[in-house]
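Pasting in a structure now, in structure tokens, and then I'll have a few things to ask.
The chains carry the letters A, B and C, assigned in the order they are written, with residues numbered from 1 in each.
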Amino acid sequence: MLLYIAPVFLPLIGAAIVGLFGRVLGDRPAQIVSCVAMGAAAITAIIVFNNVVMQGEVQQIYLFNWISSGDFQVDWALRIDELSAMMMFTVTIVSFLIHVYSIGYMAHDPNVPRFFSYLSLFTFFMLALVTADNFLQLYFGWEGVGLVSYLLIGFWYKRPAANAAAIKAFVVNRVGDFGFALGILAIYLTFGSISFDTVFAAAPNMVDVDLEFLGGSFDALTVICILLFVGAMGKSAQFLLHTWLPDAMEGPTPVSALIHAATMVTAGVFLVARCSPLFEYAPIALAVVTFVGATTAIFAATIAITQNDIKRVIAYSTCSQLGYMFFACGVSAYSAGMFHLTTHAFFKALLFLGAGSVIHAMSDEQDMRKMGGIWKAIPLTYTLMWIGSLALAGVPFFSGFFSKDIILESAFAAETGLGYYAYAAGIAAAILTALYSWRLIILTFHGKPRADEKVMAHVHESPAIMTVPLILLAVGAIVAGYLLLPMVGSHSDFWGTSILVLPHNNALEGAHHVAFWVKALPTIVAVIGILAAYYLYMTKPQLPAMLAERLRPLYLFSLNKWYFDELYDWMFVRPAKYLGHGLWKQGDGGVIDGIGPDGIAAAATAIARRVVKLQSGYLYHYAFLMLAGVAVIITWYLILG
Amino acid sequence: MIIETIVFYVLAVVTVAAGVMVIASRNPVQSVLFLILAFFNASGLFVLLGAEFLAMILIIVYVGAVAVLFLFVVMMLDINFSELRAGFLQYLPIGAIVGIILLAELILVFATGAVDIHVPEVVAVAMPAPDEVSNTRALGNILYTRYAYLFQGAGFILLVAMIGAIVLTHRQRVDVRRQKIADQVARDPKAAITLKDVKPGEEGSWKSD
Amino acid sequence: MIEFSAPDYLTALPEMFLATVSLVLLMVGVFVGNRSTKLLTWLSVVAMGAAFIMVLVGSHAPSTTFFGMFVSDSFSIFMKCLVLIGAAVTLIMGMGYVKRESMNRFEFPVLILIATLGMLLMISANDLIALYVGLELQSLSLYIVAAFRRESIRSSEAGLKYFVLGALSSGMLLYGCSMIYGFTGFTGFHEIAAVIGHGGGDAHGVAPIGILIGLVFIAAALAFKVSAVPFHMWTPDVYEGAPTPVTAFFAAAPKIAAMALFLRVLLGPFHELVEQWQQIIIFISIASMVLGAFAAIGQRNIKRLIAYSSIGHIGYAMVGLSAGTPDGVRGVLVYLAIYMVMSLGTFACILAMRRRGQMVERIEDLAGLSKTNPMIALALAVFMFSMAGIPPMAGFFGKLYVFLAAIEEGLYALAVIGVLTSAVGAFYYIRIVKVMYFDKPTEGFDKPMGAEISSVLAVTGFVTLFFFVYPTPVIEGAQAAAALLFP
């Protein structure tokens, strides 16, 4: 019992100690405390993983009754099944490695304890999210990670860009979270409960139930699932709600690796997988998921090929990979999505931390146009980036290969129009993935040095405290795919009952029986992408510029991220600002302040003065008032009673 | 019966009149004396009701102790009561109006409501007939049994009153010499008196110790 | 002769224990002298703790003893727990003050203990006379402690005013009780309820107006004890004049006990008259909320301000009572619990307001506190936000429950007025936060503030801030207690 609680609450204890007493403790003890807490959490999580997934000991641990208000009962319980054990496993291990890495990366920062406290707190919320036993608890973790994400993006709060990015992330997520919250309300309305057990058990009976809203009636499950998916879109930076993720790279690199690549952004995928018993009965919602996921996969990839900031390239790549996971879920191959989620956590964290190592070496330079020619100076980082990129591109026998292939095959095997669309988008994105990955490697490490001499002289390999976690992640990036292959195996019961797939939706099973070309195509296009990148950036370095010139509109369209920021600025931000300004000046200043605070304040003070006058201090005034009060009340009764 | 009625009205009228005089009279000593008069009449009313124990208690406690204490206090303290009452007249009209309204209402209620009073059939405690058990004994019977809880509670209230009086007024005075019998008895003449052999006629030899 | 069988003493175990302990402590004090004040204070706290445990482990099933005059049930358990916590905490945090400000006399803890005993008796009263005895025991002790600093004119004046007005209210109470007795023939709550339930003898099933008028007098006296308008006049003067730990005690414990009595009387013997007394309560509630909101605005003394604020809070609590439903009563109980925690915390802050050994009480003295004493400033800000009812502080939930109950009963006007007055009230609460955070710092307060005060601050602040995380025990306790009053 304690064993199952430990991984969730150890990080909280660590965060509390470091957060409250960090300044007293000093930097080093703070680092040690949080790393030890995380390490212990990771070890226990591995044991839990073993018990749950290998031995099949699914647990549901009741902690206490949280809210009890009439019919509305919410318990605080841990739901430890295969799905959450898998997530706990991934989250704690990656988080632990990143904690260790941060010791080196944040060594010169003046606010080390605060950083570590946030990092541990984040891990706690993430674990609370994945072990949730009802929607409210999930929402608690969901909002918690959002909050810490905000705090960490704005960690360097003296930078305006970081603050702006933090606010943007928070606001965009609000849109998604609003959908999620509405989804939970709709669930309570439909099922009368928000506990997973009750809701999932009742889902099959709700297929034809309608929700009445504003005179219209809608299919309840479809509405619920789409609302939940809106929440997932926000958190997982899917098409239309993706704009915050690249900006979030203003935070420290370990944050980008942990929160904005490996864990938090995958919460959306987890949510869809967790709610598979609902989604399975809502085919329209599944179609929406497929469409949005596939579109994001290709859309983000087209942006990534033109970005110059090393972290932004990886950020868009994350966006694109999340798209893969979603369309996998959309074709009911939830386990494939979860599989990719796990492998992606390792190689993407590796890529980010590798990029961090590069940035560290280049004296905090993030622009790839000012890098180049440093591969000899930092061979270890270089090698690790290669491993990460090979895994990302899906080159055979690296982890990404297994997971990406099974996703694409599932999409194809779904045998629906959207499935084929997803397959096509996935293949196109795969070419682009290979292309931008090697563009990144070549621009960063090869060619002539484009940085100034002072920076070049300073280029150095990172200390062991940073490279050892990298190496461990690299090992994960290589072997995770192979080791965790049973997740998506034919007739495997890896997931037990935690994921529900209806028989007629079983694309994953079909994935094992598709034609050979379907299986081979992703690998082939990945190799083509790598070769193209080599040709474009290595042999003919002037060619990309020429292409950009020739295809200028397309280039600009991609470079400016499809003009989404400008569009949103024009559509939402400006009108909101204008409205806000108007309301402030005319509405608030003129009407409300005039009548409200100022007017009321004046009136209130005037009334107050009179009331206080009654308080003369004379006893007989007081006594008289009491008697008069009694007389008034009695008169009242005699007249009215 | 008619005599009882007459006595009741006499006593009642005097009680009310004395009550009015307590607050109306200018001289505080007279006020206290009127208070004593009111107590006496009230105890007379109790006797009429057959509650002779209460009547005696009223006289012993209220007249014998409380009112006499009041009398001492007003006589010993030099308080200008007319000054204290300066504001009183100013508010008298409005106070009187409220008081009259209240009184009128209460009279109305009792006048109209009393007609409807449905005296409950079950009385809380069967009252012993006065001929069988004396009033005092009847009180004693229930005071220490049925009402022991309230009796103890009341005792506690009196204890608090006593603590309060001591806390708020008692002072350790240092300038007062108290008799300490034990010290006085234990005093040894040898320690208190010294004898000196003084030769008569010698100058400057006298010295007190 | 009267048949006599020994009553069930176990039901009243906590009370008998406290009574015995207070006598023993008084004797210790008398023989040891003022040196023993600290010891007696701690012993009193321990005794309250022991009584707390006895209350908790005692039977939750309703049981009466002493010939039906004393009742113990889940309602009394909930209220007694609150009162004991409030009293013990104020004793603990007042220790430093008592020692410094020439109040170091052994009677102080004993009186507080007896006052607490009186409150427990009030809460358990099931008879008009028992009610009166408990109330007087409590009040008399309070009059004395209010005047405890007898060399201070303000303190003596506070005690005297409280005493005279309290005597007036006791007079009203007795007058009301005698009318009830006259019209029903009983003093026991159950019997009165039975008589009224039978229509009180009136052919139309309407209680005679005499009962109603008696009820008005009783309600007026109880309203005086909870300081509801228009029987509140003593509150600001007494709060300001009384020594601060005493004021803290006034705000925490007696209010709760008196409110418990209010609930018990209105919902016990007079349950059938809901429609009648509802009007009084609505009137009192609105008047208290409005006065509490407006009159506090002009205050410069923080204790006076808190006095008005407490009047307002009682108004809000009464909103729940006006509803006259189990949900409403549950709201009242939750509100009282939260209010007690907030006001203990606030008084802990006020007790820490000491500059060069002198207590200061003006609001300007708080200027720039965030710079000089950030922890106190933070805690006080939490309490102020909570009192203003800003989510997610505990105070918000207190208001939420009572307003919801009022709305469910269709008392929209009451709820609207409540919301409006809390907006006005927020004005002066937040002004304190503004003074602490945005005004130019003056000299800081003396450090250290003392382990007792800082720990009280920490605990109450934590509870206020994080109540929403796990409100279940309070709400369930209140639910059980409220359900009991609605058989």
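Note that a contact is a pair of C-beta atoms (placed from the backbone, for glycine too) under 8 Å apart; a residue touches a chain by one contact, two chains touch by 3 or more.
If you're wondering where the values come from, they're calculated on a predicted model, not measured in any experiment.
Enquirer: If I rank B-C and A-B by number of C-beta contact pairs, which comes first?
Expert: B-C
Enquirer: Among all chains, whose Cα centre is located farthest from the one for subunit A?
Expert: It is B.
Enquirer: What chain sits nearest the middle when you go by CA atom centres?
Expert: C
Enquirer: Centre to centre, by mean C-alpha position, how many angstrom separate subunit A and subunit C?
Expert: 48
Enquirer: Give, as an integer number of Å, the spacing between the C-alpha centres of subunit C and subunit B.
Expert: Subunit B and subunit C have C-alpha centres separated by 31 Å.
Enquirer: Averaging only over C-alpha atoms, locate the centres of subunit A and subunit B and give their separation in whole Å.
Expert: The separation of the two C-alpha centroids amounts to 80 Å.
Enquirer: Out of subunit B, which residues touch more than one other chain, so two or more?
Expert: If we look for residues of subunit B contacting two or more partner chains, we find 105, 109.
Enquirer: Among the residues of subunit C, which are close enough to touch at least two other chains?
Expert: Each of 209, 213 in subunit C touches at least two other chains.
Enquirer: Two-or-more-chain contact residues of subunit A, please, as numbers and ranges.
Expert: Residue numbers touching two or more other chains: 628, 630, 634, 638.
Enquirer: Which bits of subunit A are touching subunit C when the two form their complex?
Expert: Going through subunit A, the ones touching subunit C are 64-69, 600-601, 604-605, 607-609, 611-612, 614-615, 617, 619, 621-623, 625-626, 628-630, 633-634, 636-638, 640-641.
Enquirer: Note which residues of subunit A are touching subunit B in the complex, please.
Expert: Subunit A residues touching subunit B: 618, 620, 624, 627-628, 630-631, 634-635, 638.
Enquirer: Under the touch definition given earlier, write down the residues of subunit C that touch subunit A in their complex.
Expert: Touch list, subunit C to subunit A: 161, 164-165, 168-169, 172, 209, 212-213, 216-217, 219-220, 224, 230-231, 233-234, 236-237, 276, 279-280, 283, 291, 293-299, 424, 427, 470-472, 475-476.
Enquirer: Give the list of subunit C residues in touch with subunit B in this complex.
Expert: 1-2, 4, 7, 19, 26, 66-67, 69-70, 105, 107, 110-111, 114, 117-118, 121, 129-130, 133-134, 136-137, 140-141, 143-144, 147-148, 150, 159, 182-188, 191, 195, 200-202, 208-210, 213
Enquirer: Given the complex with subunit C, which residues does subunit B contribute to the contact?
Expert: 105-106, 109-110, 112-114, 116-120, 122-124, 141-142, 145-150, 152-154, 156-157, 159-161, 163-164, 166-169
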